[in-house]
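Working notes, beginning with the structure itself.
A, B, C and D are the chain letters, set down in written order, and residue numbers restart from 1 in every chain.
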Amino acid sequence: MKNLTKEILTVIKKRPANSHKGNYGRVVTVGGTQQYGGAILMSTSAAVHAGAGLVTCATAPENLTALHSLVPEAMFVDFTDEKTVNSVLLGANAIVVGPGLGTDKTSLSIVKNVFANVKPEQYLIIDGSAITLLSQENSLQEALPNAHIIFTPHEMEWQRLSGIKIAKQTEENNRQIQEKLNATVVLKKHHTEIYAPGAETVHLPIGGPYMSTGGMGDTLTGIIAGFMGQFANQDPQKALAAALYTHSAIADELAENSYVVLPTDIIGQLQEFMKKQVR
Amino acid sequence: MKNLTKEILTVIKKRPANSHKGNYGRVVTVGGTQQYGGAILMSTSAAVHAGAGLVTCATAPENLTALHSLVPEAMFVDFTDEKTVNSVLLGANAIVVGPGLGTDKTSLSIVKNVFANVKPEQYLIIDGSAITLLSQENSLQEALPNAHIIFTPHEMEWQRLSGIKIAKQTEENNRQIQEKLNATVVLKKHHTEIYAPGAETVHLPIGGPYMSTGGMGDTLTGIIAGFMGQFANQDPQKALAAALYTHSAIADELAENSYVVLPTDIIGQLQEFMKKQVR
Amino acid sequence: MKNLTKEILTVIKKRPANSHKGNYGRVVTVGGTQQYGGAILMSTSAAVHAGAGLVTCATAPENLTALHSLVPEAMFVDFTDEKTVNSVLLGANAIVVGPGLGTDKTSLSIVKNVFANVKPEQYLIIDGSAITLLSQENSLQEALPNAHIIFTPHEMEWQRLSGIKIAKQTEENNRQIQEKLNATVVLKKHHTEIYAPGAETVHLPIGGPYMSTGGMGDTLTGIIAGFMGQFANQDPQKALAAALYTHSAIADELAENSYVVLPTDIIGQLQEFMKKQVR
Amino acid sequence: MKNLTKEILTVIKKRPANSHKGNYGRVVTVGGTQQYGGAILMSTSAAVHAGAGLVTCATAPENLTALHSLVPEAMFVDFTDEKTVNSVLLGANAIVVGPGLGTDKTSLSIVKNVFANVKPEQYLIIDGSAITLLSQENSLQEALPNAHIIFTPHEMEWQRLSGIKIAKQTEENNRQIQEKLNATVVLKKHHTEIYAPGAETVHLPIGGPYMSTGGMGDTLTGIIAGFMGQFANQDPQKALAAALYTHSAIADELAENSYVVLPTDIIGQLQEFMKKQVR
């Protein structure tokens, strides 16, 4: 297992002078019921602040106003309006599905619709409720699309999805299931691990317990989507690793002065942190 | 009566490296009608900023959007949806009931439902309208659950609950009723007092008149819940005292530059203040 | 005509140690249709930041969520719910009526209801739409309550109310109508003037054109209400003058670094500015 | 083609002492469906922060609360309420139509109504969806009002409107169509160009790829409207050029510390940037 170092941040490149928002990725985030709306709002805001060119949030209508209040830069789609959802999915580079999505019938049909519309060249980040649904629904597993899939489970979600009990989540066991899934797995834990197809397992040595707060993983999905939209062309594995490193490195910096680091605090530092890497 | 000193802040401990949000408490805040929605929003936001691992706000649907706009880290439940409220209560470590809850029939039935679902190991902070309801409704008094109960009345609410007129609220008289209630009583006043079962009465020598503004007590409930969720395992009495000390100490610091200290100002300083105690 | 000097700010007094929010005034702000909701939100937020103990905003239901998002410290009442409006008016020290209230039938009936419930010892600040309605409706003029009334017209509103054309708004002419109204008149203009019963006319020599932006007057009403609630006991005329001076002095300070000073910028500086006066 | 230099910022003048909000322009912004609400919110907020005296946002009712939360200084009108829209258009100095307006039947009828009510002395900034609609609808082209029209297309929108493919958008070709349109064209691209009637083509040498993010153009429309309302009397061409220069110069400054510059970041710097030009 290889330790990530801050070297990975060289993935973040100075932007070429002549470029436009289309060059920096179209991100679509899908999630957020009435109960868990904040999750998808944080994912969306993270994508915007990480530099994604255009970000659309497909969520419950109840979340429209909070979305526009928090991050007017993002666009809105009702996540049950399949026609419009599909039209925004069509142009996306990176799609997040799952934060705060819930696990009822509506949630299931939303995930199915996303799966049915994802294309091979797109990055699909599957998180939270969508992982739980996948673990429960055979029909969903069979519908897993052919695309660049990135799972972002925490240990319990990984147990559900992989069938490996937390105590047995060794590199070897995890790798076996990851290969079966033919997807990248970001296993979120104290020192997160990345299992990517055909690549050495990577281990994140930074981050800390000040990150143990609701919404931290949701925020990570948005940063990943933003980074895949901007930097995956060079090397998608590195872009993913850089997203993870950025998320935790910002938390570490903020923890110098904060007992707990909130997801929205991390979002607020993305622009400055990323700039420091290209000076 | 014993004076609290800043020594109490040693309750705030450096977090162990290997831990997750489940270690830092699940908090549920219950309150906030349409008229008094801000109260429960401040309680919820305070719990999040004080480091609670997961926070759910059970409130009137009218407050959903303001909740997500102010603190997307928190989750939402309609406080009249008993089934969902009960499912979040089930996993809670600390529950706040009362801020901005009102005193009509709906409020009463919400408090009754909370009382019926609280378990002995949980901390239940009873504040504001819930105290008033308790003073008025015999049926509610009989329904007081077996749990770690913390009342947070101001002097007039304490008069209603205890039957002791403000002028007669001496340590001896207060202690008598507190013992009958078999609960902890935080009597909020110029130099707040804590009456806990089997413990010396504690007196808070800090804080000041710049804290005399609507929402200050609501904010305190969230800090208490956050602290009970994180620090009660060591010594619940000290965790409570530290929450009170933190609330007033931040106000004192802010008052150096502010004529009046607003509740949201205190919330904004929690992360930094708590960090300073563990350097 | 007497020039106000910064000496007036001695009205702002250090708070006595043993006091509670009831000592710092209950403010009710009434206004804000769907179209002009921002006006009453700024008035309300200004009252909270100026130190009022408890602030309730009676406004259109459409403004509930923005109110709680902007200033969770304030409470909400539907301004067409006369029963609840009257219950909050009952305990008020200072009432603002008019910002963004509009001039249709609903607005008229809201003003009438406020007039019918104001008591002699209360301060009633009549602003914006409420002044226009008064100028148009004889029935409203006859309903003007016996209370400490403060009108805050700009020159055009004063023309409508007083019948004096702007060019003829001399001290003498203004004084005549003010005496007939038996109220205090704050005539907002380049160098605002205060006409109070039995007192020398006062002239505000500060402020500037960076204050020429929508919502500036609405914000002033909230500061006035906050000051009357806290400082009118000593000398109501001085409390009013100090509110005006504070509003413009903050703008002058901010204008050092801002081309235009926004009302929300002034609100954000109230706590610090007021603190500086009591060091 | 002439390079704009920072000399253009002398358009921003110190305000005369005796003036009122009517002197600084009435701006109306029209746009923002449910899906694209953020666009018109950013345009509106930019106009307010750029110093416009009074700003009204005509948008979908779904955007009311986010508008008041983001910028309570602005007023609201339902954009399908033609009567009220027309009453605010009547007093406007500068009108923005298009940001986030969409291209359905409702959008079309809103644009038609604006066109039918614009007067010759008003500035009409036509952006985004309104340009697309114009390109598609002959009836709309015929309805183009006699007014000071400013188009703000990006290259693809200009292709649609002008019929000139992006590769062929030379100064000569662009100029030909601009003259037929008898309007000013701001062609947004890497180094934006301004084609104004009877004036040398102007070229903006500043700005950069950190501006490639959704909402950047929407924000520009608000700054333009604010500048036309305040500074067009002297020289409208220069006022427009100064708005463009300000927008990009702020971005350049922010990019010193930000990897990507968000539209809301630019809005937050307008007041201070403009002040620096009049010291």
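Everything below uses one rule, namely that a contact is a pair of C-beta atoms (placed from the backbone, for glycine too) under 8 Å apart; a residue touches a chain by one contact, two chains touch by 3 or more.
Just so you know, these numbers come straight off a predicted model, no measurement behind them.
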- Item | Most distant chain from subunit A, judged by the mean position of its C-alpha atoms | C
- Message: Quick check: superposing subunit A onto subunit D on C-alpha atoms, how many degrees is the rotation, to the nearest 5?
- Response: 90
- subunit B-subunit C contact: same residues or different, taking over half shared as same? different
- Whole-Å gap separating subunit A and subunit B, where each centre is the average of the chain's CA atoms: 34
- Touching two or more other chains, which residues of subunit B qualify? 65, 69
- Task: For this structure, give each pair of chains that are touching.
- Result: A-B, A-D, B-C, C-D
- subunit A-touching residues of subunit D, taken from the complex the two chains share: 34-39, 41-42, 45, 62-63, 65-66, 69-70, 154, 189-190, 208-210, 212-216, 255-265
- Message: List the residues on subunit A that touch subunit D in their complex, please.
- Response: 12, 15-21, 23-24, 48-55, 64-65, 68-69, 71-77, 84, 270-275, 277-278
